[in-house]
């Protein structure tokens, strides 16, 4: 027993010492650059290991300390550290997080940085707050309609539908042929929101978001076609809303689509590599056929990870060097290829893939626009949309106004200064 | 027929066939309860396609490779080390401070020790979420966020009420003579405690150590708030972040991850089953 | 060994300091926070009972309270009924006792993450083993979209909780059975008590201590349910599985509304204290000595 107790005390001692090593942020005199990211170096997310190693090679004078923190924990982790002055020099950001930090004065103004003018123009709402640039948007990932071309051919369909009536027709044809059509795994509500955003890319006019946040517009009317599209899928028995609520997009739907069981599924381009690896059939990634006859398909971009700098960074110069490095065409391309994302820089071409050619063409034609959910200023907009759209699945026969008024009450119109 | 032993009484010879059926049924019910555990083990070595084809089948072929990938993605070795370090240190802290306080409370019975005891016991009913936000702010002030020490201090404090309750009731059930004898031998209180009392408390200490370890291994909340960055994650958090927040996770990754999360605890249970059952039933009656 | 007052204090001090710093102080400071509009790391101003007014008028908080109570009732009733039956069963099979007790305890010894993810898969509507099994035996109608249907999701999670802890509760009841002195059985046998009558008039009253412990443990555990919900449904579909603890977590750490989250935590604390007070006073009264 004595020996065990001794070991335990020893362990406690180790813990106390070890805890000292675990805290980051104290640079001291060395040229240390601290970075916090939700793309892990250990699992080489987004090829960050490769990118950081290149940086270390090019800048041996800077000691890069790269910490991974999970995305959902972002505010919990970083906000108190900002307040205490112990936050990292460089932080991964998206629009919601940028606004949360910039509004408290925690981020450095990067308007004078060389990469600012190279960022694509429609990304301005995603990198600016109060007229100043606070982040470098590193990726722009489209979500689109994956189609299993072999199954479509089996049902005698040789082209991916381009409009909503064509899409409904295709689903009817597939159903008649006994082939499962549109996989809508909505457990947790995420998938429903993504499909709603695809439909919104067609039906919600540019400028609506600004009007909504100014209190001059509402979901009523504008979003009716989005809700009605879901209701049509349910009413025509092309999607079972109750079953959808029980299916997990990853655990249930992804393996099934990869096994060739479904003709259509909405997912992010980030899944493309994985799907191509496993699928024994021809697959394409397309913009979403949400519009009336004669219209072009549209889709939305999830403006994903970007990078910003702590206003009180201990090593501001190295931080700017790091962002410059990440924005260089060579490095941006490595990152984009790993993420299967679209470019955010005017002088960097998007990586291309045969399977995603259709959505790339739509992007080039200006039919792929940033996500409405991300452009709304309410920091909980994404979560609110999930709950609102879930309501269509829970009450599939209720009038569209039920859902739109629920959305009006959930999403708070928010004006930034 | 009347016998003096309880077990003899329970044996009712006239209904033997019924008893046999009832016994077999009990075994079957136990196995049914264990079914999800077997299912987890079997599924962990099946490929995603195989599992999708027939969810209730057996592995064909056995996909041991599932484990290799998941092992790396979870950073399992590191996570196990972190969990063990946090659990062991918390146990040490709870046991040392709890037994000392328990001894003083049990042997120095005054108004103020009784009040202290009641204060500790009141801690048993406090839901963890009442404390999380202020603790978070406190750890932030102390610059302890994201360090092992934060989790250790929180776990130790949360588990003290249970440990003190346990030590005090244990001490009340054993006579004070040994301690008195030590005093006659000229031992001071510290020596008496360390050489006489602490060894006497061994069974209680074992139970407390096991229960604190179990609760720490199971916990999601404290790591979620106090051990958020990659290097200090515990197994539970590592599995949660791997399964719960990835963009795409297949069944072939899910089940091995789940087995890796559960295995250490089950092994611990099998080794210490007598102590654990003794701990669960302490204060009720016989085990 | 007679402990003097300073020595006693010395022995109690480390534990007391630890407890005051990391439990008592946060509890008191949580109470204070609940009267402020604190957000994130920014200290808030005193706003009186505004958070409490919001809590009592917020339909989401009301739904969470209702869900928590429904979850608690289902868990406590099912878990105790099953555990009692299981314990009685194990008690009558001396030789199988060891196996059955260890076997049924295994679920309680599994990490909650593991349990939650296994059961999410078991409940999956198409490929999930539960529905596959039900269809295989011809019970197609009984196959449900367990976690996706607001009418079944909460109960489905409660069942997982029951699965986890029935063996634990049964272990406690079994030890209650084992501690009934044989002389009492002999007396009952002479009176001709058997079966249900034996259970009702002899065993049940003597199981009172085990019943108190089990009821208190399962009720307090169910009232603070959080991890299973976070891991299995994240509160959905709709708001149908949000518990009070889940809402507190979401408000405090998802939206950084520390003040409002703390007021909900205080409400949960009061609820827990009231329930455990009622349980202990009512149940202790019917415990008998022998």
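Each chain gets a letter, A, B and C, in the order it is written, and its residues are counted from 1.
The criterion applied here is as follows: contacts are C-beta pairs under 8 Å (C-beta built on N, C-alpha and C of every residue); 3 or more make two chains touch, one makes a residue touch a chain.
Just so it is clear, the structure is predicted and the values come from calculations on it, not from any experiment.
Under the stated contact rule, the graph of chain-to-chain touches is complete, every pair of chains being in contact. Of all chain pairs, the one joined by the greatest number of contacting C-beta pairs is B-C.
Annotation: 37 Å between the Cα-based centres of chain A and chain C.
Separating the CA-averaged centres of chain B and chain C is a span of 16 Å.
Per-chain Cα centroids separate chain A from chain B by 38 Å. Shown for chain B are the residues in touch with two or more other chains, namely 51-52, 93, 96, 136-137, 140, 224-225, 251, 254. Within chain C, contacts with two or more other chains are made by residues 41, 121, 127, 253. Residue positions of chain A with contacts to 2 or more other chains are 72, 76, 80, 83-84, 251, 256. By the touch rule above, chain C contacts chain B in their complex via residues 1-3, 5, 7-9, 11-12, 14-16, 18-19, 21-27, 29-30, 33, 41, 86, 89-96, 99-107, 109-115, 117-119, 121-122, 127-129, 132-133, 136, 163, 166-168, 171-172, 174-176, 178-182, 185-186, 189-190, 209-210, 213, 220, 223-224, 226-227, 230-231, 245, 248-249, 252-253, 258, 261-262, 265-266, 268-269, 272-273, 276. Touching chain C in their complex are the following residues of chain B: 2, 4-7, 9-10, 19, 22-23, 26-27, 29-31, 33-34, 36-37, 39-40, 43, 51-52, 55-56, 93, 96-98, 100-101, 103-105, 107-108, 110, 113, 116, 119-120, 123, 125-138, 140, 153-154, 156-158, 160-161, 164, 176, 179-180, 182-183, 187, 189, 192-193, 214, 217-218, 220-221, 224-225, 235-236, 239-240, 243-244, 251, 254-255, 257-259, 261-262, 265-266, 268-269, 273, 276-277, 280-281, 283-287. Taken in their complex, chain B has these residues touching chain A: 48-49, 51-52, 72-73, 75, 85-86, 88-89, 91-93, 95-96, 136-137, 140-141, 143-150, 152, 198-199, 202, 205, 224-225, 228-232, 241, 245-251, 254.
On the side of chain A, the complex with chain B involves touching residues 1-2, 5, 7-9, 11-12, 14-16, 18-20, 22-24, 36, 40, 42-43, 67-73, 76-77, 80-81, 83-84, 86, 250-251, 254-256, 258-259, 268, 270-271, 274. Across the complex, chain A is touched by residues 40-42, 120-121, 123-127, 145-150, 233-234, 236-239, 253-256 of chain C.
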